Amino acid sequence: MRVAAMVRVLVMRCMLHASLPRFHTFRAIPPEGIRCTSEGYGKGRVVVGYSDNKETILKRLRRAEGQVRGIQRMVEEDTYCIDVLTQVSAATKALENVALALLDDHLGHCVAEASAQGGPVADEKIREASAAIARLVRS
Amino acid sequence: MRVAAMVRVLVMRCMLHASLPRFHTFRAIPPEGIRCTSEGYGKGRVVVGYSDNKETILKRLRRAEGQVRGIQRMVEEDTYCIDVLTQVSAATKALENVALALLDDHLGHCVAEASAQGGPVADEKIREASAAIARLVRS
Amino acid sequence: MRVAAMVRVLVMRCMLHASLPRFHTFRAIPPEGIRCTSEGYGKGRVVVGYSDNKETILKRLRRAEGQVRGIQRMVEEDTYCIDVLTQVSAATKALENVALALLDDHLGHCVAEASAQGGPVADEKIREASAAIARLVRS
Amino acid sequence: MRVAAMVRVLVMRCMLHASLPRFHTFRAIPPEGIRCTSEGYGKGRVVVGYSDNKETILKRLRRAEGQVRGIQRMVEEDTYCIDVLTQVSAATKALENVALALLDDHLGHCVAEASAQGGPVADEKIREASAAIARLVRS
(Lines give C-alpha, C1' and ligand atoms only; values in the text may rest on other atoms or scores of the structure.)
Protein backbone atom coordinates (compact mmCIF):
# COMPACT_ATOMS: atom_id res chain seq x y z
CA MET A 1 0.00 0.00 0.00
CA ARG A 2 2.66 2.43 1.03
CA VAL A 3 4.71 1.30 -1.97
CA ALA A 4 1.78 1.79 -4.37
CA ALA A 5 1.24 5.29 -2.99
CA MET A 6 4.91 6.05 -3.34
CA VAL A 7 4.82 4.81 -6.91
CA ARG A 8 1.84 7.05 -7.66
CA VAL A 9 3.61 10.05 -6.18
CA LEU A 10 6.81 9.28 -8.07
CA VAL A 11 4.95 8.74 -11.31
CA MET A 12 3.00 11.97 -10.80
CA ARG A 13 6.17 13.91 -10.09
CA CYS A 14 7.90 12.40 -13.09
CA MET A 15 4.96 13.17 -15.34
CA LEU A 16 4.78 16.65 -13.93
CA HIS A 17 8.49 17.05 -14.51
CA ALA A 18 8.24 15.68 -18.03
CA SER A 19 5.21 17.74 -18.94
CA LEU A 20 6.23 20.99 -17.34
CA PRO A 21 8.65 22.12 -20.01
CA ARG A 22 6.08 21.36 -22.64
CA PHE A 23 3.02 23.12 -21.24
CA HIS A 24 4.53 25.60 -18.90
CA THR A 25 7.89 26.96 -19.98
CA PHE A 26 7.41 26.83 -23.75
CA ARG A 27 5.00 29.42 -25.00
CA ALA A 28 1.82 28.02 -26.40
CA ILE A 29 2.85 25.47 -28.99
CA PRO A 30 -0.43 24.44 -30.59
CA PRO A 31 -1.24 20.70 -30.46
CA GLU A 32 -0.90 20.50 -34.23
CA GLY A 33 2.74 21.39 -33.98
CA ILE A 34 4.78 24.52 -34.47
CA ARG A 35 2.99 27.59 -35.65
CA CYS A 36 4.58 30.09 -38.00
CA THR A 37 5.29 27.72 -40.88
CA SER A 38 5.10 29.18 -44.35
CA GLU A 39 2.32 26.79 -45.30
CA GLY A 40 0.24 27.20 -42.17
CA TYR A 41 -0.91 24.13 -40.34
CA GLY A 42 -4.24 22.45 -40.01
CA LYS A 43 -7.59 23.38 -41.29
CA GLY A 44 -8.51 26.65 -39.75
CA ARG A 45 -6.75 29.77 -38.67
CA VAL A 46 -3.06 30.19 -39.43
CA VAL A 47 -1.19 31.54 -36.46
CA VAL A 48 1.75 33.79 -37.29
CA GLY A 49 4.36 35.34 -35.01
CA TYR A 50 2.75 38.78 -35.15
CA SER A 51 -0.81 37.55 -34.46
CA ASP A 52 -1.05 39.39 -31.14
CA ASN A 53 0.23 42.66 -32.61
CA LYS A 54 -1.54 42.48 -35.94
CA GLU A 55 -3.62 45.61 -35.40
CA THR A 56 -0.65 47.68 -34.23
CA ILE A 57 1.38 46.57 -37.23
CA LEU A 58 -1.45 47.32 -39.65
CA LYS A 59 -1.89 50.77 -38.10
CA ARG A 60 1.84 51.50 -38.53
CA LEU A 61 1.77 50.28 -42.12
CA ARG A 62 -1.25 52.48 -42.90
CA ARG A 63 0.61 55.43 -41.43
CA ALA A 64 3.69 54.61 -43.53
CA GLU A 65 1.46 54.39 -46.62
CA GLY A 66 0.07 57.82 -45.75
CA GLN A 67 3.60 59.17 -45.42
CA VAL A 68 4.55 57.87 -48.89
CA ARG A 69 1.37 59.42 -50.33
CA GLY A 70 2.24 62.68 -48.59
CA ILE A 71 5.69 62.62 -50.20
CA GLN A 72 4.06 62.24 -53.62
CA ARG A 73 1.98 65.35 -52.94
CA MET A 74 5.13 67.21 -51.89
CA VAL A 75 6.86 66.24 -55.14
CA GLU A 76 3.81 67.22 -57.20
CA GLU A 77 3.81 70.63 -55.50
CA ASP A 78 7.55 71.14 -56.15
CA THR A 79 8.45 71.12 -52.48
CA TYR A 80 12.07 71.91 -51.71
CA CYS A 81 14.31 68.83 -52.15
CA ILE A 82 15.60 68.79 -48.58
CA ASP A 83 12.07 68.88 -47.14
CA VAL A 84 11.07 65.96 -49.37
CA LEU A 85 14.22 64.08 -48.30
CA THR A 86 13.39 64.59 -44.62
CA GLN A 87 10.02 62.93 -45.16
CA VAL A 88 11.53 60.07 -47.16
CA SER A 89 13.96 59.41 -44.28
CA ALA A 90 11.04 59.45 -41.84
CA ALA A 91 9.03 56.97 -43.94
CA THR A 92 12.09 54.71 -44.29
CA LYS A 93 12.57 54.78 -40.53
CA ALA A 94 8.88 53.97 -39.98
CA LEU A 95 9.15 50.91 -42.25
CA GLU A 96 12.34 49.81 -40.51
CA ASN A 97 10.55 49.98 -37.17
CA VAL A 98 7.74 47.81 -38.56
CA ALA A 99 10.41 45.32 -39.64
CA LEU A 100 12.01 45.34 -36.18
CA ALA A 101 8.62 44.74 -34.56
CA LEU A 102 7.86 41.85 -36.93
CA LEU A 103 11.29 40.38 -36.27
CA ASP A 104 10.84 40.60 -32.51
CA ASP A 105 7.52 38.75 -32.76
CA HIS A 106 9.06 36.19 -35.10
CA LEU A 107 11.97 35.49 -32.75
CA GLY A 108 9.72 35.41 -29.70
CA HIS A 109 7.23 32.97 -31.20
CA CYS A 110 8.24 31.16 -34.36
CA VAL A 111 11.97 30.82 -33.68
CA ALA A 112 11.46 30.20 -29.96
CA GLU A 113 8.97 27.41 -30.59
CA ALA A 114 11.03 25.81 -33.32
CA SER A 115 14.06 25.94 -31.00
CA ALA A 116 12.03 24.29 -28.26
CA GLN A 117 11.32 21.43 -30.63
CA GLY A 118 14.90 21.38 -31.92
CA GLY A 119 16.10 19.40 -34.92
CA PRO A 120 16.47 20.53 -38.53
CA VAL A 121 13.32 22.72 -38.40
CA ALA A 122 14.93 24.78 -35.64
CA ASP A 123 18.18 25.12 -37.60
CA GLU A 124 16.23 26.18 -40.66
CA LYS A 125 14.29 28.82 -38.69
CA ILE A 126 17.53 30.31 -37.35
CA ARG A 127 19.09 30.39 -40.80
CA GLU A 128 15.97 32.05 -42.21
CA ALA A 129 15.86 34.65 -39.43
CA SER A 130 19.56 35.47 -39.85
CA ALA A 131 19.06 35.98 -43.59
CA ALA A 132 16.11 38.31 -42.91
CA ILE A 133 18.20 40.31 -40.42
CA ALA A 134 21.04 40.61 -42.97
CA ARG A 135 18.59 41.87 -45.61
CA LEU A 136 17.29 44.42 -43.13
CA VAL A 137 20.75 45.62 -42.06
CA ARG A 138 21.85 45.96 -45.68
CA SER A 139 18.67 47.68 -46.88
CA MET B 1 32.82 103.96 -88.13
CA ARG B 2 35.32 101.17 -88.13
CA VAL B 3 36.17 102.04 -84.53
CA ALA B 4 32.51 102.03 -83.52
CA ALA B 5 32.10 98.63 -85.17
CA MET B 6 35.17 97.36 -83.38
CA VAL B 7 33.79 98.64 -80.08
CA ARG B 8 30.52 96.87 -80.72
CA VAL B 9 32.32 93.62 -81.49
CA LEU B 10 34.52 93.96 -78.42
CA VAL B 11 31.59 94.79 -76.19
CA MET B 12 29.67 91.84 -77.62
CA ARG B 13 32.58 89.51 -77.03
CA CYS B 14 33.06 90.83 -73.51
CA MET B 15 29.41 90.43 -72.72
CA LEU B 16 29.50 86.99 -74.23
CA HIS B 17 32.55 86.20 -72.14
CA ALA B 18 30.94 87.59 -69.03
CA SER B 19 27.70 85.82 -69.62
CA LEU B 20 29.15 82.52 -70.75
CA PRO B 21 29.97 81.19 -67.30
CA ARG B 22 26.48 82.08 -66.24
CA PHE B 23 24.53 80.44 -69.04
CA HIS B 24 26.99 77.90 -70.29
CA THR B 25 29.27 76.39 -67.68
CA PHE B 26 26.97 76.85 -64.68
CA ARG B 27 23.82 74.93 -65.18
CA ALA B 28 20.83 77.11 -65.78
CA ILE B 29 20.73 79.56 -62.93
CA PRO B 30 17.51 81.48 -63.51
CA PRO B 31 17.83 85.26 -63.84
CA GLU B 32 15.95 85.70 -60.56
CA GLY B 33 18.74 83.95 -58.70
CA ILE B 34 19.37 80.47 -57.41
CA ARG B 35 16.58 77.99 -57.77
CA CYS B 36 15.89 75.39 -55.10
CA THR B 37 15.24 77.72 -52.19
CA SER B 38 12.78 76.58 -49.57
CA GLU B 39 10.57 79.59 -50.21
CA GLY B 40 10.62 79.37 -53.98
CA TYR B 41 11.38 82.54 -55.88
CA GLY B 42 9.26 84.86 -57.87
CA LYS B 43 5.65 84.68 -58.74
CA GLY B 44 5.41 81.73 -61.07
CA ARG B 45 6.78 78.26 -61.23
CA VAL B 46 9.12 77.03 -58.53
CA VAL B 47 12.08 75.12 -59.92
CA VAL B 48 13.38 72.34 -57.72
CA GLY B 49 16.40 70.09 -58.08
CA TYR B 50 14.33 67.12 -59.18
CA SER B 51 12.28 69.04 -61.76
CA ASP B 52 13.67 67.06 -64.69
CA ASN B 53 13.07 63.70 -63.00
CA LYS B 54 9.74 64.51 -61.37
CA GLU B 55 7.78 61.89 -63.27
CA THR B 56 10.33 59.14 -62.58
CA ILE B 57 10.34 59.99 -58.89
CA LEU B 58 6.55 60.07 -58.71
CA LYS B 59 6.39 56.70 -60.45
CA ARG B 60 8.84 55.20 -57.94
CA LEU B 61 6.91 56.67 -55.03
CA ARG B 62 3.64 55.26 -56.36
CA ARG B 63 5.30 51.87 -56.65
CA ALA B 64 6.61 52.14 -53.07
CA GLU B 65 3.10 53.08 -51.92
CA GLY B 66 1.79 49.97 -53.70
CA GLN B 67 4.42 47.87 -51.95
CA VAL B 68 3.37 49.18 -48.53
CA ARG B 69 -0.29 48.48 -49.38
CA GLY B 70 0.70 44.98 -50.49
CA ILE B 71 2.43 44.41 -47.14
CA GLN B 72 -0.79 45.39 -45.36
CA ARG B 73 -2.68 42.76 -47.36
CA MET B 74 -0.01 40.19 -46.48
CA VAL B 75 -0.42 40.98 -42.77
CA GLU B 76 -4.22 40.84 -43.02
CA GLU B 77 -3.95 37.41 -44.63
CA ASP B 78 -1.55 36.14 -41.91
CA THR B 79 1.34 35.69 -44.31
CA TYR B 80 4.43 34.07 -42.83
CA CYS B 81 6.56 36.61 -40.91
CA ILE B 82 9.71 36.11 -42.99
CA ASP B 83 7.83 36.69 -46.25
CA VAL B 84 6.36 39.92 -44.84
CA LEU B 85 9.84 40.98 -43.68
CA THR B 86 11.29 40.41 -47.15
CA GLN B 87 8.72 42.79 -48.61
CA VAL B 88 9.30 45.40 -45.89
CA SER B 89 13.05 45.30 -46.69
CA ALA B 90 12.24 45.71 -50.39
CA ALA B 91 9.99 48.72 -49.73
CA THR B 92 12.62 50.28 -47.45
CA LYS B 93 15.23 49.82 -50.17
CA ALA B 94 12.88 51.38 -52.76
CA LEU B 95 12.40 54.46 -50.57
CA GLU B 96 16.14 54.71 -49.97
CA ASN B 97 16.71 54.68 -53.71
CA VAL B 98 14.19 57.51 -54.13
CA ALA B 99 16.14 59.43 -51.49
CA LEU B 100 19.44 58.81 -53.30
CA ALA B 101 17.93 60.01 -56.59
CA LEU B 102 16.55 63.16 -54.93
CA LEU B 103 19.91 63.80 -53.31
CA ASP B 104 21.76 63.39 -56.60
CA ASP B 105 19.45 65.94 -58.24
CA HIS B 106 19.81 68.26 -55.27
CA LEU B 107 23.60 68.14 -55.36
CA GLY B 108 23.70 68.47 -59.14
CA HIS B 109 21.43 71.48 -59.24
CA CYS B 110 20.70 73.28 -55.99
CA VAL B 111 24.05 72.75 -54.28
CA ALA B 112 26.03 73.18 -57.52
CA GLU B 113 24.31 76.48 -58.30
CA ALA B 114 24.64 77.79 -54.78
CA SER B 115 28.32 76.84 -54.83
CA ALA B 116 28.74 78.68 -58.12
CA GLN B 117 27.38 81.79 -56.44
CA GLY B 118 29.40 81.15 -53.28
CA GLY B 119 29.02 83.03 -50.02
CA PRO B 120 26.90 82.16 -46.99
CA VAL B 121 24.07 80.72 -49.12
CA ALA B 122 26.50 78.13 -50.52
CA ASP B 123 27.75 77.24 -47.04
CA GLU B 124 24.18 76.88 -45.82
CA LYS B 125 23.29 74.59 -48.76
CA ILE B 126 26.27 72.32 -48.00
CA ARG B 127 25.41 72.17 -44.30
CA GLU B 128 21.80 71.34 -45.16
CA ALA B 129 22.79 68.62 -47.64
CA SER B 130 25.22 67.05 -45.15
CA ALA B 131 22.50 66.94 -42.51
CA ALA B 132 20.12 65.27 -44.96
CA ILE B 133 22.77 62.68 -45.86
CA ALA B 134 23.39 61.97 -42.16
CA ARG B 135 19.64 61.46 -41.60
CA LEU B 136 19.57 59.09 -44.54
CA VAL B 137 22.61 57.09 -43.42
CA ARG B 138 21.24 56.77 -39.89
CA SER B 139 17.69 55.85 -40.95
CA MET C 1 9.83 -7.12 -5.12
CA ARG C 2 7.82 -6.95 -8.32
CA VAL C 3 6.42 -3.66 -7.17
CA ALA C 4 9.88 -2.28 -6.42
CA ALA C 5 11.05 -3.35 -9.90
CA MET C 6 8.01 -1.75 -11.47
CA VAL C 7 8.72 1.42 -9.56
CA ARG C 8 12.27 1.42 -10.77
CA VAL C 9 11.18 0.93 -14.38
CA LEU C 10 8.56 3.64 -14.11
CA VAL C 11 10.97 6.04 -12.48
CA MET C 12 13.56 5.28 -15.16
CA ARG C 13 11.04 5.85 -17.96
CA CYS C 14 9.85 9.06 -16.34
CA MET C 15 13.35 10.31 -15.97
CA LEU C 16 14.14 9.31 -19.50
CA HIS C 17 11.04 11.07 -20.71
CA ALA C 18 11.85 14.12 -18.64
CA SER C 19 15.43 14.20 -19.76
CA LEU C 20 14.89 13.48 -23.43
CA PRO C 21 13.92 16.97 -24.44
CA ARG C 22 16.98 18.20 -22.64
CA PHE C 23 19.56 15.96 -24.30
CA HIS C 24 17.89 15.10 -27.54
CA THR C 25 15.78 17.81 -29.12
CA PHE C 26 17.55 20.80 -27.58
CA ARG C 27 21.07 21.32 -28.85
CA ALA C 28 23.73 20.57 -26.33
CA ILE C 29 22.65 22.43 -23.22
CA PRO C 30 25.50 21.85 -20.77
CA PRO C 31 24.55 20.11 -17.48
CA GLU C 32 25.28 23.32 -15.58
CA GLY C 33 22.48 25.07 -17.41
CA ILE C 34 22.22 27.43 -20.35
CA ARG C 35 25.44 28.64 -21.85
CA CYS C 36 25.82 32.19 -23.16
CA THR C 37 24.92 33.99 -19.96
CA SER C 38 26.61 37.31 -19.34
CA GLU C 39 28.18 36.01 -16.16
CA GLY C 40 29.37 32.71 -17.56
CA TYR C 41 28.60 29.58 -15.60
CA GLY C 42 30.71 27.29 -13.52
CA LYS C 43 34.31 27.41 -12.70
CA GLY C 44 36.11 26.74 -15.94
CA ARG C 45 35.59 27.67 -19.55
CA VAL C 46 32.80 30.01 -20.51
CA VAL C 47 30.96 28.85 -23.61
CA VAL C 48 29.66 31.63 -25.83
CA GLY C 49 27.50 31.51 -28.95
CA TYR C 50 30.44 32.17 -31.26
CA SER C 51 32.76 29.57 -29.66
CA ASP C 52 32.90 27.41 -32.78
CA ASN C 53 33.64 30.39 -35.06
CA LYS C 54 35.97 32.27 -32.74
CA GLU C 55 38.99 32.05 -35.02
CA THR C 56 37.05 33.17 -38.11
CA ILE C 57 35.62 36.12 -36.21
CA LEU C 58 39.02 37.11 -34.83
CA LYS C 59 40.50 36.91 -38.32
CA ARG C 60 37.76 39.18 -39.70
CA LEU C 61 38.24 41.65 -36.85
CA ARG C 62 41.99 41.74 -37.43
CA ARG C 63 41.34 42.45 -41.10
CA ALA C 64 38.89 45.23 -40.18
CA GLU C 65 41.52 46.69 -37.84
CA GLY C 66 44.00 46.61 -40.72
CA GLN C 67 41.48 48.40 -42.92
CA VAL C 68 41.02 51.17 -40.35
CA ARG C 69 44.81 51.52 -40.02
CA GLY C 70 45.06 51.66 -43.82
CA ILE C 71 42.49 54.49 -43.87
CA GLN C 72 44.64 56.43 -41.38
CA ARG C 73 47.60 56.09 -43.70
CA MET C 74 45.46 57.30 -46.62
CA VAL C 75 44.42 60.37 -44.64
CA GLU C 76 48.01 61.06 -43.58
CA GLU C 77 49.08 60.91 -47.24
CA ASP C 78 46.28 63.29 -48.32
CA THR C 79 44.52 60.67 -50.42
CA TYR C 80 41.58 61.94 -52.42
CA CYS C 81 38.40 62.15 -50.26
CA ILE C 82 36.32 59.78 -52.39
CA ASP C 83 39.00 57.07 -52.26
CA VAL C 84 39.15 57.40 -48.47
CA LEU C 85 35.34 57.24 -48.32
CA THR C 86 35.30 54.04 -50.37
CA GLN C 87 37.59 52.38 -47.84
CA VAL C 88 35.56 53.66 -44.88
CA SER C 89 32.42 52.14 -46.45
CA ALA C 90 34.28 48.86 -46.94
CA ALA C 91 35.46 48.78 -43.31
CA THR C 92 31.93 49.61 -42.11
CA LYS C 93 30.55 46.77 -44.21
CA ALA C 94 33.21 44.39 -42.84
CA LEU C 95 32.22 45.24 -39.26
CA GLU C 96 28.55 44.83 -40.10
CA ASN C 97 29.26 41.38 -41.46
CA VAL C 98 31.07 40.46 -38.24
CA ALA C 99 27.98 41.62 -36.36
CA LEU C 100 25.69 39.51 -38.57
CA ALA C 101 27.90 36.44 -38.00
CA LEU C 102 27.91 37.00 -34.22
CA LEU C 103 24.14 37.45 -34.27
CA ASP C 104 23.63 34.26 -36.25
CA ASP C 105 25.71 32.31 -33.72
CA HIS C 106 23.89 33.97 -30.84
CA LEU C 107 20.46 33.09 -32.24
CA GLY C 108 21.54 29.55 -33.12
CA HIS C 109 22.99 28.79 -29.71
CA CYS C 110 22.18 31.17 -26.87
CA VAL C 111 18.65 32.15 -27.93
CA ALA C 112 17.83 28.65 -29.19
CA GLU C 113 18.90 27.05 -25.92
CA ALA C 114 17.16 29.62 -23.77
CA SER C 115 14.00 29.12 -25.85
CA ALA C 116 14.28 25.38 -25.36
CA GLN C 117 14.27 25.96 -21.62
CA GLY C 118 11.55 28.57 -21.87
CA GLY C 119 10.42 30.83 -19.06
CA PRO C 120 11.53 34.35 -18.22
CA VAL C 121 15.15 33.64 -19.25
CA ALA C 122 13.97 32.85 -22.77
CA ASP C 123 11.86 36.01 -22.91
CA GLU C 124 14.81 38.05 -21.70
CA LYS C 125 17.10 36.52 -24.34
CA ILE C 126 14.64 37.40 -27.12
CA ARG C 127 14.25 40.96 -25.84
CA GLU C 128 18.02 41.33 -25.66
CA ALA C 129 18.54 39.96 -29.17
CA SER C 130 15.84 42.23 -30.61
CA ALA C 131 17.48 45.26 -29.00
CA ALA C 132 20.86 44.26 -30.46
CA ILE C 133 19.30 43.86 -33.92
CA ALA C 134 17.67 47.30 -33.62
CA ARG C 135 21.03 48.85 -32.66
CA LEU C 136 22.61 47.18 -35.66
CA VAL C 137 19.90 48.27 -38.10
CA ARG C 138 20.06 51.84 -36.84
CA SER C 139 23.88 52.05 -36.80
CA MET D 1 41.02 108.82 -78.89
CA ARG D 2 37.93 109.20 -76.78
CA VAL D 3 36.53 106.14 -78.51
CA ALA D 4 39.69 104.13 -77.87
CA ALA D 5 39.56 105.11 -74.17
CA MET D 6 35.91 104.16 -73.98
CA VAL D 7 36.72 100.84 -75.59
CA ARG D 8 39.44 100.24 -73.00
CA VAL D 9 37.11 101.06 -70.15
CA LEU D 10 34.41 98.84 -71.56
CA VAL D 11 36.82 96.01 -72.15
CA MET D 12 38.18 96.41 -68.61
CA ARG D 13 34.71 96.38 -67.11
CA CYS D 14 33.76 93.36 -69.15
CA MET D 15 36.87 91.53 -68.11
CA LEU D 16 36.29 92.51 -64.51
CA HIS D 17 32.72 91.33 -64.75
CA ALA D 18 33.78 88.09 -66.33
CA SER D 19 36.49 87.43 -63.81
CA LEU D 20 34.66 88.50 -60.68
CA PRO D 21 32.70 85.33 -60.17
CA ARG D 22 35.90 83.41 -60.52
CA PHE D 23 38.01 85.17 -57.91
CA HIS D 24 35.45 86.64 -55.61
CA THR D 25 32.35 84.53 -55.04
CA PHE D 26 33.98 81.08 -55.33
CA ARG D 27 35.92 79.96 -52.32
CA ALA D 28 39.64 79.86 -52.64
CA ILE D 29 40.30 78.01 -55.86
CA PRO D 30 44.07 77.74 -56.03
CA PRO D 31 45.67 79.36 -59.08
CA GLU D 32 46.80 75.93 -60.26
CA GLY D 33 43.18 74.88 -60.64
CA ILE D 34 40.71 72.91 -58.62
CA ARG D 35 42.02 71.11 -55.60
CA CYS D 36 40.73 67.69 -54.59
CA THR D 37 41.53 65.85 -57.79
CA SER D 38 42.50 62.21 -57.52
CA GLU D 39 45.88 62.93 -59.01
CA GLY D 40 46.70 66.01 -57.00
CA TYR D 41 47.87 69.08 -58.86
CA GLY D 42 51.21 70.66 -59.22
CA LYS D 43 54.49 69.86 -57.65
CA GLY D 44 54.03 70.44 -53.96
CA ARG D 45 51.37 69.84 -51.40
CA VAL D 46 48.16 68.16 -52.41
CA VAL D 47 45.15 69.85 -50.90
CA VAL D 48 42.22 67.58 -50.09
CA GLY D 49 38.74 68.40 -48.86
CA TYR D 50 39.48 67.31 -45.30
CA SER D 51 42.79 69.21 -45.02
CA ASP D 52 41.50 71.51 -42.27
CA ASN D 53 40.07 68.62 -40.24
CA LYS D 54 42.84 66.12 -40.82
CA GLU D 55 43.87 65.85 -37.17
CA THR D 56 40.29 65.41 -35.96
CA ILE D 57 39.67 62.71 -38.54
CA LEU D 58 42.90 60.90 -37.68
CA LYS D 59 41.99 61.03 -33.99
CA ARG D 60 38.57 59.52 -34.70
CA LEU D 61 40.10 56.81 -36.86
CA ARG D 62 42.63 55.94 -34.16
CA ARG D 63 39.78 55.68 -31.67
CA ALA D 64 37.83 53.42 -34.08
CA GLU D 65 40.94 51.27 -34.49
CA GLY D 66 41.15 51.01 -30.69
CA GLN D 67 37.50 49.96 -30.57
CA VAL D 68 38.08 47.18 -33.11
CA ARG D 69 41.13 45.99 -31.12
CA GLY D 70 39.01 46.08 -27.96
CA ILE D 71 36.40 43.89 -29.65
CA GLN D 72 39.12 41.36 -30.50
CA ARG D 73 40.08 41.21 -26.84
CA MET D 74 36.43 40.72 -25.90
CA VAL D 75 36.14 37.80 -28.33
CA GLU D 76 39.40 36.27 -27.09
CA GLU D 77 38.09 36.45 -23.51
CA ASP D 78 34.75 34.83 -24.51
CA THR D 79 32.72 37.91 -23.68
CA TYR D 80 28.96 37.46 -23.92
CA CYS D 81 27.76 37.76 -27.56
CA ILE D 82 25.39 40.69 -26.93
CA ASP D 83 28.13 42.73 -25.23
CA VAL D 84 30.44 42.12 -28.20
CA LEU D 85 27.62 43.09 -30.58
CA THR D 86 27.05 46.35 -28.72
CA GLN D 87 30.70 47.29 -29.25
CA VAL D 88 30.62 46.28 -32.92
CA SER D 89 27.59 48.55 -33.44
CA ALA D 90 29.44 51.38 -31.67
CA ALA D 91 32.54 50.93 -33.87
CA THR D 92 30.36 50.80 -37.01
CA LYS D 93 28.65 54.03 -35.95
CA ALA D 94 32.04 55.66 -35.27
CA LEU D 95 33.25 54.79 -38.79
CA GLU D 96 29.99 56.04 -40.29
CA ASN D 97 30.49 59.35 -38.52
CA VAL D 98 34.01 59.61 -39.95
CA ALA D 99 32.50 59.01 -43.39
CA LEU D 100 29.86 61.72 -42.84
CA ALA D 101 32.57 64.18 -41.75
CA LEU D 102 34.72 63.37 -44.80
CA LEU D 103 31.69 63.75 -47.05
CA ASP D 104 30.79 67.12 -45.54
CA ASP D 105 34.34 68.36 -46.18
CA HIS D 106 34.29 66.93 -49.68
CA LEU D 107 31.00 68.63 -50.55
CA GLY D 108 32.06 71.89 -48.95
CA HIS D 109 35.38 72.08 -50.77
CA CYS D 110 35.93 69.73 -53.68
CA VAL D 111 32.37 69.61 -55.02
CA ALA D 112 31.74 73.29 -54.25
CA GLU D 113 34.87 74.37 -56.13
CA ALA D 114 34.24 72.09 -59.08
CA SER D 115 30.67 73.41 -59.25
CA ALA D 116 31.97 76.94 -59.20
CA GLN D 117 34.06 76.12 -62.26
CA GLY D 118 31.22 74.19 -63.87
CA GLY D 119 31.55 72.04 -66.96
CA PRO D 120 32.17 68.30 -67.19
CA VAL D 121 34.51 68.27 -64.16
CA ALA D 122 31.66 69.56 -62.00
CA ASP D 123 29.27 66.94 -63.35
CA GLU D 124 31.83 64.23 -62.71
CA LYS D 125 32.36 65.41 -59.10
CA ILE D 126 28.61 65.31 -58.42
CA ARG D 127 28.30 61.83 -59.93
CA GLU D 128 31.24 60.64 -57.85
CA ALA D 129 29.85 62.13 -54.64
CA SER D 130 26.41 60.60 -55.27
CA ALA D 131 27.97 57.18 -55.79
CA ALA D 132 29.94 57.53 -52.52
CA ILE D 133 26.74 58.51 -50.67
CA ALA D 134 24.93 55.49 -52.13
CA ARG D 135 27.75 53.19 -51.00
CA LEU D 136 27.54 54.71 -47.54
CA VAL D 137 23.75 54.40 -47.27
CA ARG D 138 23.86 50.79 -48.44
CA SER D 139 26.77 49.76 -46.21
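First chain written, first letter: the chains are A, B, C and D, and each begins at residue 1.
Following the convention adopted for this analysis, contacts are C-beta pairs under 8 Å (C-beta built on N, C-alpha and C of every residue); 3 or more make two chains touch, one makes a residue touch a chain.
Model, not experiment: these values are computed from the prediction.
Q: Looking at A-C, C-D or B-D, which pair matches A-B on over half of its contact pairs by residue number?
A: When the contact pairs of A-B are compared with those in A-C, C-D or B-D, C-D matches.
Q: Among all other chains, pick the one whose mean CA position is farthest from the mean CA position of chain D.
A: Centre of mass proxy via C-alpha means gives A as farthest from chain D.
Q: What is the distance, in whole Å, between the centres of chain C and chain D, each centre taken as the mean of its C-alpha atoms?
A: 40
Q: When the centre of a chain is set as the mean of its C-alpha atoms, what distance in Å lies between chain A and chain D?
A: About 44 Å separates the centre of chain A from that of chain D.
Q: Measure off the straight-line distance from the CA centroid of chain B to the CA centroid of chain D, and report it in whole Å.
A: Centre-to-centre distance between chain B and chain D: 20 Å.
Q: Quick check: what residues of chain D touch more than one other chain, meaning two or more?
A: In chain D, 96, 99, 103, 129, 136, 138 touch at least two other chains.
Q: Within the complex, which stretch of chain B touches chain A?
A: Per the stated touch rule, the residues are 36-38, 40, 45-51, 54, 57-58, 61-62, 64-65, 68-69, 71-72, 75-76, 78-86, 88-93, 95-96, 98-99, 102-103, 105-106, 110, 128-129, 132, 135-136, 139.
Q: For the complex, give me every residue of chain B touching chain D.
A: Residue positions touching the partner: 3-4, 6-7, 10-11, 13-15, 17-18, 20-22, 24-27, 96, 99-100, 103-104, 107-108, 111-113, 115-119, 122-123, 126-127, 129-130, 133-134, 136-138.
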